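Letters A, B, C, D, E and F mark the chains in the order given here, with residues in each chain numbered from 1 onward.
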Amino acid sequence: MTRSDGRSADQLRTIRLARGWLDHAEGSVLVEFGRTRVLCAASVTEGVPRWRKGSGLGWVTAEYAMLPRSTNTRSDRESVKGRIGGRTHEISRLIGRSLRGIIDTSALGENTLVVDCDVLQADGGTRTAAITGAYVALSDAIAWMRGQGMLASGEVLTDSVSAVSVGVVDGVALLDLCYEEDVRAETDMNVVMTGDGRFIEVQGTAEGAPFDRQELDSLLALAGDGCRELTEFQRAALASAR
Amino acid sequence: MTRSDGRSADQLRTIRLARGWLDHAEGSVLVEFGRTRVLCAASVTEGVPRWRKGSGLGWVTAEYAMLPRSTNTRSDRESVKGRIGGRTHEISRLIGRSLRGIIDTSALGENTLVVDCDVLQADGGTRTAAITGAYVALSDAIAWMRGQGMLASGEVLTDSVSAVSVGVVDGVALLDLCYEEDVRAETDMNVVMTGDGRFIEVQGTAEGAPFDRQELDSLLALAGDGCRELTEFQRAALASAR
Amino acid sequence: MTRSDGRSADQLRTIRLARGWLDHAEGSVLVEFGRTRVLCAASVTEGVPRWRKGSGLGWVTAEYAMLPRSTNTRSDRESVKGRIGGRTHEISRLIGRSLRGIIDTSALGENTLVVDCDVLQADGGTRTAAITGAYVALSDAIAWMRGQGMLASGEVLTDSVSAVSVGVVDGVALLDLCYEEDVRAETDMNVVMTGDGRFIEVQGTAEGAPFDRQELDSLLALAGDGCRELTEFQRAALASAR
Amino acid sequence: MTRSDGRSADQLRTIRLARGWLDHAEGSVLVEFGRTRVLCAASVTEGVPRWRKGSGLGWVTAEYAMLPRSTNTRSDRESVKGRIGGRTHEISRLIGRSLRGIIDTSALGENTLVVDCDVLQADGGTRTAAITGAYVALSDAIAWMRGQGMLASGEVLTDSVSAVSVGVVDGVALLDLCYEEDVRAETDMNVVMTGDGRFIEVQGTAEGAPFDRQELDSLLALAGDGCRELTEFQRAALASAR
Amino acid sequence: MTRSDGRSADQLRTIRLARGWLDHAEGSVLVEFGRTRVLCAASVTEGVPRWRKGSGLGWVTAEYAMLPRSTNTRSDRESVKGRIGGRTHEISRLIGRSLRGIIDTSALGENTLVVDCDVLQADGGTRTAAITGAYVALSDAIAWMRGQGMLASGEVLTDSVSAVSVGVVDGVALLDLCYEEDVRAETDMNVVMTGDGRFIEVQGTAEGAPFDRQELDSLLALAGDGCRELTEFQRAALASAR
Amino acid sequence: MTRSDGRSADQLRTIRLARGWLDHAEGSVLVEFGRTRVLCAASVTEGVPRWRKGSGLGWVTAEYAMLPRSTNTRSDRESVKGRIGGRTHEISRLIGRSLRGIIDTSALGENTLVVDCDVLQADGGTRTAAITGAYVALSDAIAWMRGQGMLASGEVLTDSVSAVSVGVVDGVALLDLCYEEDVRAETDMNVVMTGDGRFIEVQGTAEGAPFDRQELDSLLALAGDGCRELTEFQRAALASAR
């Protein structure tokens, strides 16, 4: 099988991580996985939500949204509809959990980091691009906090985090699905991994027929390779001058 | 390690499936996983949502909710707050996908099945109890449709579906976590499986430290055993007179 | 005239009050008026709403809701619609007023009792069943508070409260209408009474032709008998071991 | 006991019914019960709500609301809060039922009448003033329909309808309570009656101690006298040139 | 061209300002611009919104709304729709800005004035009538504050404010458009001016073809004359005994 | 006076118009006025809203929104708050009117164009940048429609449209205010003009002291020059290859 964009089955799309894309945000990145383009902005505020006050612990959360014309046909705005859809909620929560998986909230102190991930253009894999970009924006925001003297000596980040989608299309396990592949996938899996290769989240869904253990194993292997590569892109981006 | 209720690590809680608990619903069951108690009601309506009209295919969806005092301390009603929370959305969508994984929508014809899963009492595992009970309510509703002559000859159900939670607590992989264990789990996984042992959904989350491949494998094995046992409970319940 | 379920005109349906139906709630009861089944859960919290702080007085309120498939055909969830309907509001307020009619809020101290009344199955008379059950759940919650040492010496409950519907169907005054009778009633009345036979609330509505004073009198007499009988059921339930 | 405004116990406040207060509405009246001032506007539209189509029957409904500064201290707008309160819902429904109690919907044909009752100034008894005024606005709208040839030959109005509040203050039964009396009332009752003296709605509530049958009887008698008098005011207003 | 109501191009409609129309509000006026009728009520509260606390400055805001049957055909209530429309928001903000343009918030001290402008009947120019009336209600409320000793010695009002609409209809510049003219206008302009002839707000919109500088100038001149005249009406109203 | 960024009083910021920034939208542009960055996407759909059906006329509308971290400190999402603020509504309506001012809706046929203007970064003048960019996106979308054969022979665009802000800061009239200047402006004006120099919208607001006719005139002159220059940028962008 040839993929529509000529990639091999285990190949990522072109990855770009443009740091400092915004002037106001403490950390920001425009992340691209092929044509998927997500603007990640990390905002620092002193203090934590009420239920966490006095704990000495910080808080990290995320909000995901899509611009109405990020998609092939225009979608109504959730602000106009007056309510956030289930998918939006679900992805926001996933990104937040993924980031909290590599944060030492006690080293963060009672400060809050909100990472906004706004999809400017969608072509599959928006949640995995968002997580991968959010980590870079978060790192920059934490470096900013360090520069401001807001942090004590310990490391806030315990590792890096990236995410990739994998799926079975026409019986073949593919890495980093574009929209067209995603729609046709029999099984769809999103995997969130740390830089050292452990799992933060595994979400596999049979879209058509249920999948067996062997398919699961081959998808997990493919995702592992993809995340390793994404981790390298993150390191390179953070190593470069902004 | 001894579990708070004396179970062994690979033991389910007491499972009960009380079919026909409601008089009006086409299928209904009060499912209990220990102290977790979920009322599942399957409703049949002719016709399908607008976007599916003329397809010849049916539709199956689910709605999950918790009563305000199902939990240890009272929660505000989502109807009073005027919006559904992310968790509620997420679980409703999961139950719907799980049921659609074993339904042949063409054999269903242009009919809609809605399964309401209302948690009367929560003690961990409400979503897995809901899926396990929803399958039984769905089966009864489909039998009712058959009796009404609403269905053509083909099988609507391609298999059965059940779900169970597994997690790592104090380094030990446990089956079917109660609330107290769920809160303490380092890794939490919900697994939805068909009667023939394939996966419909795998959702694993590191609540504390990320988990490695070995932990993932041991949790999947434990879940496989649990779902097999739940499948037996479902068969027994459906085999008995209502 | 014979009633559809064979009752005489002045006969209640089968009444059941299953105390302690929930493990978490401070007081709970599953009340049944025939096929109408309402789960009442009383929750205790220290403190009172802001507008009542410093008054030395407690607060009692109630919330009523119906499960989507409690009715003959499925209704949309109010949480999904994003707003509470007028009928739901009205009944919640009625239950709250009824309970406050027999509570000495100064003996309660600055504590709040919320009684949730969720209709699991509806067959007419859900609001009167809810009030009748809510009193039992409330009593148990107050006993629990007494056991916790949250109350000073005075009596919190000044009396008991129960409620019943009465109506004129085909010119005959009937007690405790089931849904089918309720729909056909020319006049519909809900009466809330204390254990000593006084009124807390009288709500009579002409559904068809207006009613005259004589009809009103016969309905009030019938309701008085019904509430007396319900009071006995409440006493018996509270006298038994949980 | 002397009432704050010098009235006797069985005396109505000054009643005014200014017909044709608005230029656009098919029927309108500014009704005053003392300082309580409600603007009632009846709107005619051809057709009925979907659920009533093809029935040959018309529909009458009402909406009640208070201006934010109709009250002694300003209240937030329900449009700004984004939801309608329980009290507003309850009163809107009561007015609608009251009007439907004297309408022959088959003579109305498939037309809809909406009566908006907006409280410009509130001093107790806003719902009873609204019902009393709404009947006059409705009559004028029906006369307008007659003039437009929208109605067949039969009578749409089967009777007139008016409403009054009664209550027990310091042990004395009073007619037509102003706000100050309403707040102090031990028992509060709203009675909706037809022109021929029958009941459409009776709503009695114990605000403090429960009330007995004797109090109920004396309140009903007082309300009967009040409604008779209001019926006369309505007749006089409708008999005069607009 | 003759105007539908026989006015000359530069003539206002009949202006009425009925002060003290409400008993509860600290300042109130029923303002009429021909058939347009707006009830303005100014409410005083001690304290300011949170974001302004400790500033020593007061706050003035306004809320505009239309009764459902103020218009020729009935509109749905925004409270029922659960959201405020863009036009309502826009006009509320305009009225608030207009009033703040003539208020010395430091002389007001940390007090809040809310002016509610509810359109009872609409025939074009509701926002300009609202601003013109709101000033009078505001003046009375400030006089009331003065009487209560709530104000220090300085002047709170730095000038008066009024507003008028102007527009080009069939190529002719007209003052104070009624609804019928407003609908036909090629250019529509609302001008808010102080008593001394300066501008607080100029809002000109091409409804059809864009307008050139000459048209703009002639509309501004016409509006200037109109506001001068309205200022006289305001002075006369405030000079008369209430 | 020197401006913070060294510009002269009548100088625009650096203007950029990056056409075709999105792959899916029929027309799109990333417009920059200095640090203000707005993504404009024009979406074409066949058909018009219900109220316009059968008219033979097309419809053009716009939606404006700000990303939460487009501003200096993060703002809450309107989708999360569940309601759109007044300012957002107001600007969306302004952009829509501005575009409709240069569209011949009969030449458009029964098609709808929605232009989404999402502010990625805000530094003053977001609404004027949005209008200026929206015109370019609209032009490209109309060219796309032409290419698809969706349009008859007539011209859809009757002219171009651009917008700029002007204001008085420290007594000096300035063109194209950045955020810092906008906050300090005594008078703030947004002017929307056609390519041939006529007005579509003039909105001037006194933020502090009212302004007189002379100030108004000097601001209008400055805006005229600015819009002329922006028109040139638009022409150049549209003339270049995409």
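Assume a contact is a pair of C-beta atoms (placed from the backbone, for glycine too) under 8 Å apart; a residue touches a chain by one contact, two chains touch by 3 or more.
Everything numeric in this text was worked out from a predicted model, so none of it was measured.
Q: From chain D, how many touching-chain steps at minimum until you land on chain E?
A: Tracing touching chains, the least step count from chain D to chain E comes to 1.
Q: Keeping to the contact definition above, tell me which chains border both chain B and chain C.
A: Output, common partners of chain B and chain C: nil, no chain qualifies.
Q: Starting at chain D, how many touch steps does it take at minimum to reach chain F?
A: 2
Q: Which is it for copies chain A and chain F: same residues on both faces, with over half shared, or different residues?
A: Both copies, chain A as well as chain F, present the same residues to each other, with over half of the numbers appearing on both sides.
Q: Name whichever of C-D, B-C or E-F reuses the D-E interface, so over half of the contact pairs are the same residue numbers.
A: The D-E interface is reproduced by B-C.
Q: Taking each chain's centre as the mean position of its Cα atoms, how many Å separate chain B from chain D?
A: Going by mean C-alpha positions, chain B sits 51 Å from chain D.
Q: Please compute the C-alpha centroid of chain B, do the same for chain E, then give the distance between them in whole Å.
A: That gives a centre separation of 59 Å.
Q: Taking each residue of chain E in turn, which ones touch at least two of the other chains?
A: 82-84
Q: In their shared complex, at which residues does chain A touch chain B?
A: 83-87, 89-90, 92-93, 97, 101, 159, 189, 193-194, 197-206, 209-213, 216, 220
Q: Tell me, which parts of chain B touch chain C in their complex?
A: 22-25, 28, 35, 39, 41, 43, 45, 63, 65, 67-74, 77-84, 88, 114, 116, 118, 120-121, 123
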